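Paired with chain B in one complex and with chain C in the other, chain A is shared by the two complexes that follow.
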Partner chain A sequence: MEEIKDTFLHPVVPLDFQNNYRVGAYLQRYLDGFKEKKILGAKCSQCGRVVVPPRKYCGACNLVMEEFTELPQEGTLENFTVGHVNLEKGQWKRADAPYVIGMVRLDGAANAMLARLNVSPADARAGMKVKAVWKDQVEGEHADLDCFEPA
Partner chain B sequence: MEKKVAIAGFRIAAAPDLETTRERLVFDLSKGLLDDLGITRDAVDNFVFCSNDFMDGRTISHVFIGPAAGGYMKDQTKVEMDGLNAMIYASMGIISGQYDVTMVVALSLTGSQASPYLYTDYSLDPTYDRQLKLLNELSAAALEARSYLTAGGYPEELLDVVAAQDLKNAAANPGQARRIDGVSRERIKGSPYYYEPLRELHCYPPTDGGCAMLLVSEKKAKELTDKPVWLLGMGRSTDIYYLGDRDLSTSLSAAQAAERAYAMAGIKDPASELDLAEIMSLFAHQEPLLAEAMGLLEKGKAAAAYEAGDTAVEGRMPINPSGGPLGAHPICATGLIRAAEAARQLRGEAGENQVKKAGVALAHGQDGVCAQQSAVVILGT
Partner chain C sequence: MRNVGIIGIGYTPVFVSKRKDVSIVEMISEAVDAGLKNTGLAPEDIDAYVFGNMATFEGVNMPHLWATEHMHARGKPIMRFATGGTIGMAAFHGAYYHVASGMADIAMAVTYEKHSEGDAQVGLMGIITPELMAMLSAGIDVTGQSGMGAIGGGSAGGISFQASSYLHRSGAGIEHIDAIAAMERRNAAKNPYAHLKDPEATAEKIAQTPMVSWPIRFGHICPTTDGATVCILASEEKAAKIADKVAWVLGVANCASDATTANLIDSQITDPAEQLPAIMASKKACERAGIEDPKKEIDYVEIYNGFAHQTLMYLEKVGMCEVGEAHKLLEAGELEMNGRCPVNASGGVVSTNSIGTSALNRVTECALQIMGQAGEHQVEKEVHKAMAHGWGGLMQYCTITILGDKPKKL
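Right after this comes the complex of A and B.
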């Protein structure tokens, strides 16, 4: 058969629809806590682990976690990476400057949270103590907890 | 496990851009495989597909590829994401006695027609991780890499050593998409960072590709092939989604999936009983990390093993002699390709990358961020 050159078509039904997700009572309570600059976790009554952000079930015990508990605003940077790119809609672009994101374990929490770190890549150390930095104006949304910085 | 399911044959395709459609790719792979075996679609009683509707940009995407594979008016089902799960699922239909011949086809065009990173973005928790916009496939892998290197006391250069071995093997494998002649550790170390410690050449290349595999019962194996590769064991495990709850320096899902597969295959000491392993390591650090988790390398001794050449084609425990996913990662097909590449070794058809004594092999597949889910099969001659 004769060789032909393919072209690309964009589908006539575009994939720019919107999904709406109910946040759920546990994450809603976490975000409401942000209005008072508080970080809430949920505690499992069986294994005693406190997870942050709070979620309804303890995966290991398969039980509902009924107790909310406020966590301290300080913790440990357990692990980090220096980002040199940003991913936007599946394409990576070089970042204007390297930046640090890492896993922060708040004191008393059983799990770590992924967070932005206000520290230069050269100064970031696994094991360093860090503290939460809030936006001046808090609105009860994820962005209120701006980043963590060395304590 | 008795010898009940065999791989009768397989076909692999991979390239940065295959310049094809999904239907054409499926037809070429499946028809090619039937032709290889000298049979027609009449001999196949069950079809199992593996793809991802999001990446295909259409729901229930396999309705389009069923007829292309020869599955018209046959049993057709689809497994989402990694193809090694599809192989395990397809095997169960044969073990149950319902089917004798099953065609498994896995594919994606994430080199030329969809971003490989986008589907991971859409797999993230929509009310948390997607809101924070910090987690993506590359940043998660980088955190996993750092965690592994720190726990093992390994230098960052281990990633260059692993990638150099994989890319060398990939260059000698015509089935791979990324084939760089004479790639050196220096060239790898000179490639730009995405997220530290991961550089471009430590990461899988966006790939178009697919794999078709014909699984058959013992009775049919005797009719169809002189070189059956038998399924000796299989296992799967799924970890929790949240990265902050996991120990990223190892892989619990791989450890447990392997343990279950070893138990089924009667393997007591995997490092000495297995002749080679094909591991779905999407990033350089995942290869030793997963190998340690599955008991193929001693924990904390991976750097020494790689430097000593233990993991090379001619080594004591060859890992990814095909070049692994650093050579090609057609999402959904990658795990199935691991099994096909292991089968190629067991049949003694791996050419330049042939492992000398290849009697029992492991194939690993994964899905989810940082191998949340793992699948392992043990294959033998």
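Right after this comes the complex of A and C.
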């Protein structure tokens, strides 16, 4: 058998770029609310459901949602997973300690948000009441809402 | 197969370099809602959606699923096309097949590009792998200076081979590319949905723009645009109930040859300006539309021209004039809005290029001319039959759609 050689084509892309996804009008309102430590949702004028973060359409009613409404900062942990690794530069790294990521439904919201939970895996329970924890300095960014902890 | 007609069109309010006020899906929803408003349809009237966009340009691989609610498509059939520059017309053909086959009574083609959120050149690098491999087999060192020179200008570099070959074969000069680019930028100034508009554009002004890769100057090249377009198609029975004016689909076709700038056919390098797929797709679409001589029977043409020479080159390929004749028609003023062979009254792709929409806009602009609803850029002559051309994928994929003011006799 002839030896298989590693001959590759490596076209060089002489460009340095990143994608710049605009969050759009609805997420912008949500992030603006973070500056006052408020969590805003959008309310459907037909079915009355509130979704958080806000989005333009209520899919069930096929209607534009025009009303923004503030949600309470407490809710229920609906389910969760426990992370043991972090992703750094595309590689798994063992986390310093296992951590909880869960789906939190704020009181009055139709949907759950994905959030980090400041609770030990041993103490996490589906159905437990949780509340939002903000960073001391808020900038109007997603990271302002640091995590949820038991209420 | 049953008759299908275009009953409605929706554009975003503007086509510009950067839509800073909306996200990708919010922008798509503007066109969808404009289409519904223009036809008086409710979201539940749309039976199926065919979505078109080139994922690599924004790095968003499943935009049709992200946009599902924003186009009122929850619980409905959706499919997506990604065929490069031809996407918009491929999506249109997909919607046409849905209705013609009886699988849907009303279908919507939804297309967009939001170039400002990604990098078109990076996207193109992910598309041209077959092109690079074909260049290797053509003996070009794509890793070295000459190869990178050819593709360093992105598709502008690649297309320069096609443009120079077109000039050589047709007897046209670079001044004709300047002149057609100027004509289209002037036309664009009359189209509210065009991007680069210059009512004062002249060949002399275009000739002053920098050379990129001979014979392509900066002024011959399309912009990168943010925008979305939708087109609503209906069966003959539904169309009669819904719309006052309908542009009927008389014939569609698409065709490819082997990859590459060099227009490889059967692995043989041929003339990059030969563009057999355009010739073959046009012949097939005309046959389906019952058209014997497009020169005599087609009143209006929209050509996909990411680069200005393509208007002239493709007019010859699709059979709207003889080879070597397009630049003479241009000189005689026949390609203008008041000419005998008006082309790209919209301003063409060279004035507006949100890639996902670009080949669909060729169809919708033909439809507007047939319906008499093109406004300030309505051409002088009556348009009974029109031809829309799409190009792109690599260098060698073409789509054709022929529309008419009357349905086809079945």
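FYI, the second predicted complex is superposed on the first by the 138 of 151 C-alpha atoms of A that agree within 3 Å, B and C clash if a C-alpha of one lies under 4 Å from a C-alpha of the other, contacts with A are read in each partner's own complex, and residues count from 1 in each chain.
Please note the rule applied: a contact is a pair of C-beta atoms (placed from the backbone, for glycine too) under 8 Å apart; a residue touches a chain by one contact, two chains touch by 3 or more.
Quantities reported herein were computed from a predicted structural model and do not represent experimental measurements.
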* **Which superposed partner A:W92 touches (first chain B, second chain C, both, neither)** => first
* To do: Check whether chain B or chain C contacts more residues of chain A in the superposed model.
  => B
* First, second, both or neither for A:R116, with chain B first and chain C second -> first
* Please work out whether A:H84 is in contact with chain B alone, chain C alone, both, or neither, and reply first, second, both or neither. => first
* Looking at the overlay, what does A:C47 touch: chain B (first), chain C (second), both, or neither? -> neither
* Based on the superposed arrangement, let me know which partner A:K56 touches: chain B (first), chain C (second), both, or neither? => second
* After lining up the shared chain so the two structures overlap, which partner does A:Y21 touch, if you call chain B first and chain C second: first, second, both or neither? -> both
* Name the contact category of A:M103: first (chain B only), second (chain C only), both, or neither. => first
* After lining up the shared chain so the two structures overlap, which partner does A:D6 touch, if you call chain B first and chain C second: first, second, both or neither? -> first
* Asked: Both chain B and chain C touch chain A; at which residues?
  -> 11, 15, 19, 21, 23-24, 27, 59
* Asked: Okay, in this complex, where on chain A does chain C touch?
  -> 9-15, 17, 19-27, 55-60, 62
* Residues of chain B defined as touching chain A within the complex -> 19, 21, 57-58, 113-118, 121, 126-129, 131-132, 134-139, 142-143, 145-147, 150, 192-197, 240, 242-245, 248
* Parts of chain C lying in touch with chain A, wherever the complex brings them together -> 19-26, 29, 42-44, 58-60, 68-70, 72, 74, 116-119, 121-122, 125, 132-133, 136, 142-143, 148, 152
* Structure fact -> In the complex, chain A touches chain B at residues 6, 8, 11, 15, 19, 21, 23-24, 27, 51, 53, 59, 79-85, 87, 89-92, 101-103, 105, 110-116, 121, 126, 142
